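Look for chain A in each of the two complexes below; its partner is chain B in the first and chain C in the second.
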Partner chain A sequence: MRDFLELSVSAAASGCIYGLVALAYLLMIRPTGIINFAVGEWAMVGAFGGFLFLSRIELPYPVGMATVLGFMLLVGWATERIAVRPLVERGAPLLAPILALLGMLVVFRESISLGFGPDPHQVPEPFGFEHHKTWIIAAVIVVFAAVWLFFEKTTTGKAFEAVSLNRKAAALMGINLSRVTAASFAGGAAAAGLAGLLVAPNVSAHYLMGVPLAIQGFTALVIGGVGRVEGALLGGLLVAFAEQLTVRYAPLPAGYAQGVPLLLLMVFLLVRPTGLLRARA
Partner chain B sequence: MSRSNAAALAGWIAAALVLSAVAFFLGSYYNDVYRKLLLWIALALSYNFLFGISGQVAFSHFAFYGIGAYAVVIFLFQLGLPLPLAVLAGILVCTAIALAVAIPSTRLEGFYLALATLALAQLFIVVLNEGGAVTGGTGGIVDYRLPPVFGVRIAGPWYTAVIVVLVLATYAVLWRLDRSWFGRACRAVRDNPEAAAAMGVNVARTKVIAFTLTSVLAGIAGMVYAFVDNTVNPPIFGLENAFLLLFMVIIGGSGRHAGAVVGAVLLYLLPFVLSPLIGHHHALVFGVLMVAAILLQPRGLIGLYDFLKRT
Partner chain C sequence: MRKVFAVALALFASSVFSQETIKIGVITDKVGPAKPYSEPTLEGIQFGASEINRAGGVLGRKVELLIEDDQGRPDISATMARKLVDAGAVFILSITLTPATQQQQNVTLEAKTPQMTPMNSGDTLTTQLANPYFWQTGPLGSVQIATLLSHARSKQLKRVALISDNSDLGQLLARFFRKGLEASKIEVVTEEVVPRGATSAEPQMQKIRAANPDAMFMAGVLTPENVLILRAYRQMGLKFPIHSSYNLSVPQYMSVAKGLLNGITFVDAYDPEKPEVKKFEADYRKATGKLPYNIHGYGYDGIRMVAEAIKRAGSSDKEKIRAAMQSLTYSGVMGARGMKYVFPEGKRTGFDPNGMVVRVYEGDKQGRVIHVGQK
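Up next is the complex of A and B:
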């Protein structure tokens, strides 16, 4: 029983990370339709930000965290400026920015590996090892509550929703489309960067850590459905619990846990392609 | 056989002879470089049909290359099948895996195939590492030799000639397909799936067939690769190669066979030039080139060539 409780806490913490990555995808997909595979690399950049500001420069944790998040906002904004906006303004097909972002993915990864080398780097926990999982869960719940309130209660949030429902109509109502797009990329990068910063103490900052996170986060998104913010968290928790239960109770080598998201992705695409939660009418 | 068919056949044979003859003038190091260049061209050609012509973003192409390589080696040396049966069994394995990925992924619009294939490519490496005695784990399988074909051992430049035949056969199949009803259906599905469906094209089936066919072509290329280094191990089939293929096709000019060839040659040879300058970080240059190509010249180097020729 104790064993199962420990497993639950650890799965909940991983699930929160996946949910946060799924949220990063969702923030960008909803208003623009663009799937940005570079979220995994953004998480990696966030983790290296943690290493730089918390391990090397040794800023106090809140200051370091704020610096990383601010930097990620900037990264997201700049990415949108370079790889998305010129293509959207030209009226290029949706595939063009997605491919440009794939190019950016490689640029991020190689720049980090050039700057920090191929070895993993330690990132500290703010409240010590035994409380780190609790801290992850608490931080992610706060983020999701804030995002949910933003979309439900504020006019700006409603503007985002309007853009995701109908871009043309939203533009006619006086909503600035390019500002919404820029904000969604900045927000997505901050969410992904936070996920990287939170997960880094467990896995160490490493230049190849992005792709698994991108896959797990996307699986969480497909399971939860892109319609609602809560879906991302629910999907993340489901993926993490499925992974941890497989590792703990199935007689398979631990590496096969990476197959769980693929299997879930296939099952959900076949059985329930719109995700668990329906978008509200 | 009509006269034009005979001329085309003569052209193919001449190309095969010239490209194979080159191998006999190269030393063993340059033969190795030449073989791998040819294999990248074969992969880029089939990936161009999948991505450029039928418009599917998939990251599994290089994984299928690895699946083909591992399958033929396992069937030959772990299960002891004769070569023709091992090749056939390898093709069946590639087909089954391709269908299992493609059929669920076509149920939804958008880029679900990209994610499913990314996850497949990642899982493939895990299976290779954890596969124990069957896949040889992290060390892979080493020290095997191509069994004699009709009592003849094919080696050295003669094996390079086999790869030349593979590249030309791949090109011939794709060229014929591209000009057939199926190729036009693929382009229609890429450009406007609704209109294609209205014209009576079965969109899902077209996508699944294109995906499976090109994946099997990649698998066959992998089977040929297995006897280039006589080694298969997990790092050879890493995920970064899937991105490299995509970059080759886009930078060369997607949707065009010539573009795929130009992209493959350029990106395969570029690291030889770049590595004295920036070590093994040439992927950074590829990423920048890729973003630049999409922003400035979406039709790639071939598009640029067309443009310069017109002016």
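Up next is the complex of A and C:
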């Protein structure tokens, strides 16, 4: 029983990280239809932001965290301006910005690798390592509650929903599509950056940390469903629990359990491609 | 006419200049998974080359490094080796991943070009291919486990746990560890793997706790995954001792695993109290402003050995260099005090099997040597 309780907290913390990355995907996919696989690299940039502002400059944690999030908003906005908007304005097919963003993935990774070197860097926790999982869970619940309220209760949030339902109709209703797209990328980058900042004390900030997070987040998104914010969190938690319970309890040889999330991904793509939670009508 | 003459003169001059250098190829990984090891090794090679050149070079000629990046990819590594052979390299140093170094050997064997890896630890590099032009001077994975086991024997271990990551090298080392433990009649009660990119190692550590081992051996080579293991170990309040592969000798642990390291023993090829190490560290710091660490030493010893072999060969003829390299005896920065690299005929792994040391973390600092060799 002790093992199960310990594992539940550990899996919940990991699931929250995956959920945040899934949220980053979702914030961009909903209004634009663009799958941005560079979210993992955004998480990596967020982790290095934590190293820079919290470890090297030694800002107080709330100030450092706010600085990282502000910087990530800028990164997302700039990415949209550089890699997405020019293609959309020229009427390029949807695949074009997806490929351009894959190119940005390499740009982010190599820039960090050149700027900070290949070695991992330490990022501090705000409340010590014994309480870090609790902090991750609390912070992610607050973020998801805020995003849910934004979409459900604010006019701007409803404008996002309108764009995701029908871009042309939303434009005819006077909604500024460019602004919504830019804001969705900025929000996605902030969510991914926060995931990186939260996970970095566990795994340190290193330039290869992005791709695994992008894969776990994408799996969580497919399982939870693209249609609803809470689906991202649900998917993240399911992936993490499946991962960690399999390692602990399944009678599989060491190393085999890591294939379980991919198996889940394939099952959902085949059986329920809309994910567990469907979008509201 | 004057212009033609000037161009011809310039071409002639550049040709004479290029003949004056001794070209040594280096295949490194600048972007792939070996980068954290390749980069400091390359810095050690570059420092060694500049030191050699400042002292007049080899055979009165400057050493010129031709550096190629294979991204740690075996599929392009052989092409890089071919490029270096074509560019006139008389020796190739490989400081990339073990499988990539293996691929390069197909070229160096065919082109009869001496090749050495000063940092790869895979045991199979000199056994898979009978390549008399290839040498390995880093300590083998099997030597690491034998040294750790020699230290562990005094602890009367009966049942141990083994944990690693899922990288190629991590899995290779885990196999060596398991083989060595079983040969020593020590039971491996559980073997766990933390995959690359994991965000928790608690399930694996719970299984190890349930198996109640006398000690845990860490064979992983990925720093973030090893940090996860150490966090789970401390968080769960586990008390069994940890014995680690050389990966914990990388100084980055002192910052990324702060507060998690005290009492952990690790195998290393670097004794900070050795006079050669003290001189190397002082000279490197003076030249670059940075303090080197063990991995820089691998590169430094590598280029110094290559230069010594060329000097003893008395020419840049590759066959003569091969013969000189095979008969070389060299005392360098790496290894326990008094250790010498030797290559008895037919043997191409130069690191003395008794040349490794076991050190212990004292607080967050890499502390004293507590054991030497396999005796």
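Going forward, the second predicted complex is superposed on the first by the 273 of 281 C-alpha atoms of A that agree within 3 Å, B and C clash if a C-alpha of one lies under 4 Å from a C-alpha of the other, contacts with A are read in each partner's own complex, and residues count from 1 in each chain.
Just so it is clear, contacts are C-beta pairs under 8 Å (C-beta built on N, C-alpha and C of every residue); 3 or more make two chains touch, one makes a residue touch a chain.
Everything numeric here is computed off the predicted structure, so don't read it as measured data.
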| item | value |
| --- | --- |
| First (chain B), second (chain C), both or neither touched by A:Phe129 | second |
| First, second, both or neither for A:Ser10, with chain B first and chain C second | second |
| Partner chain(s) touched by A:Ser113 [first = chain B, second = chain C, both, neither] | both |
| Partner chain(s) touched by A:Gln258 [first = chain B, second = chain C, both, neither] | both |
| Partner chain(s) touched by A:Gly103 [first = chain B, second = chain C, both, neither] | first |
| Partner chain(s) touched by A:Pro212 [first = chain B, second = chain C, both, neither] | both |
| Touching partner for A:Glu58 - first (chain B), second (chain C), both, neither | neither |
| Which of chain B and chain C A:Met266 touches, first, second, both or neither | first |
| Set intersection of chain A contacts, chain C complex versus chain B complex | 110, 113, 211-212, 215, 255, 258 |
| Residue numbers on chain C that touch chain A, as the complex places them | 31, 33, 35-36, 39, 166, 191-193, 195-200, 202-204, 206-207, 210, 223-225, 227-228, 231, 234-236, 252, 255-256, 258-259 |
| Residues of chain B touching chain A in the complex | 55, 57, 100-101, 104-105, 107-108, 110-112, 114-116, 118-120, 122-123, 126-127, 129-130, 239, 243, 246-247, 250, 281, 283-284, 286-291, 294-295, 298 |
| Residue ranges of chain A in contact with chain B within the complex | 35, 37, 82-83, 86-87, 92, 95-96, 98-100, 102-107, 109-111, 113-114, 211-212, 214-215, 218-219, 222, 253, 255-256, 258-259, 261-262, 265-266, 269-270, 273 |
| Contact footprint of chain C on chain A as seen in their complex | 3, 6-7, 10-11, 13-14, 17-18, 110, 113, 117-122, 129-130, 199, 202-204, 206, 208-209, 211-213, 215-216, 240, 244-245, 247-248, 254-255, 258 |
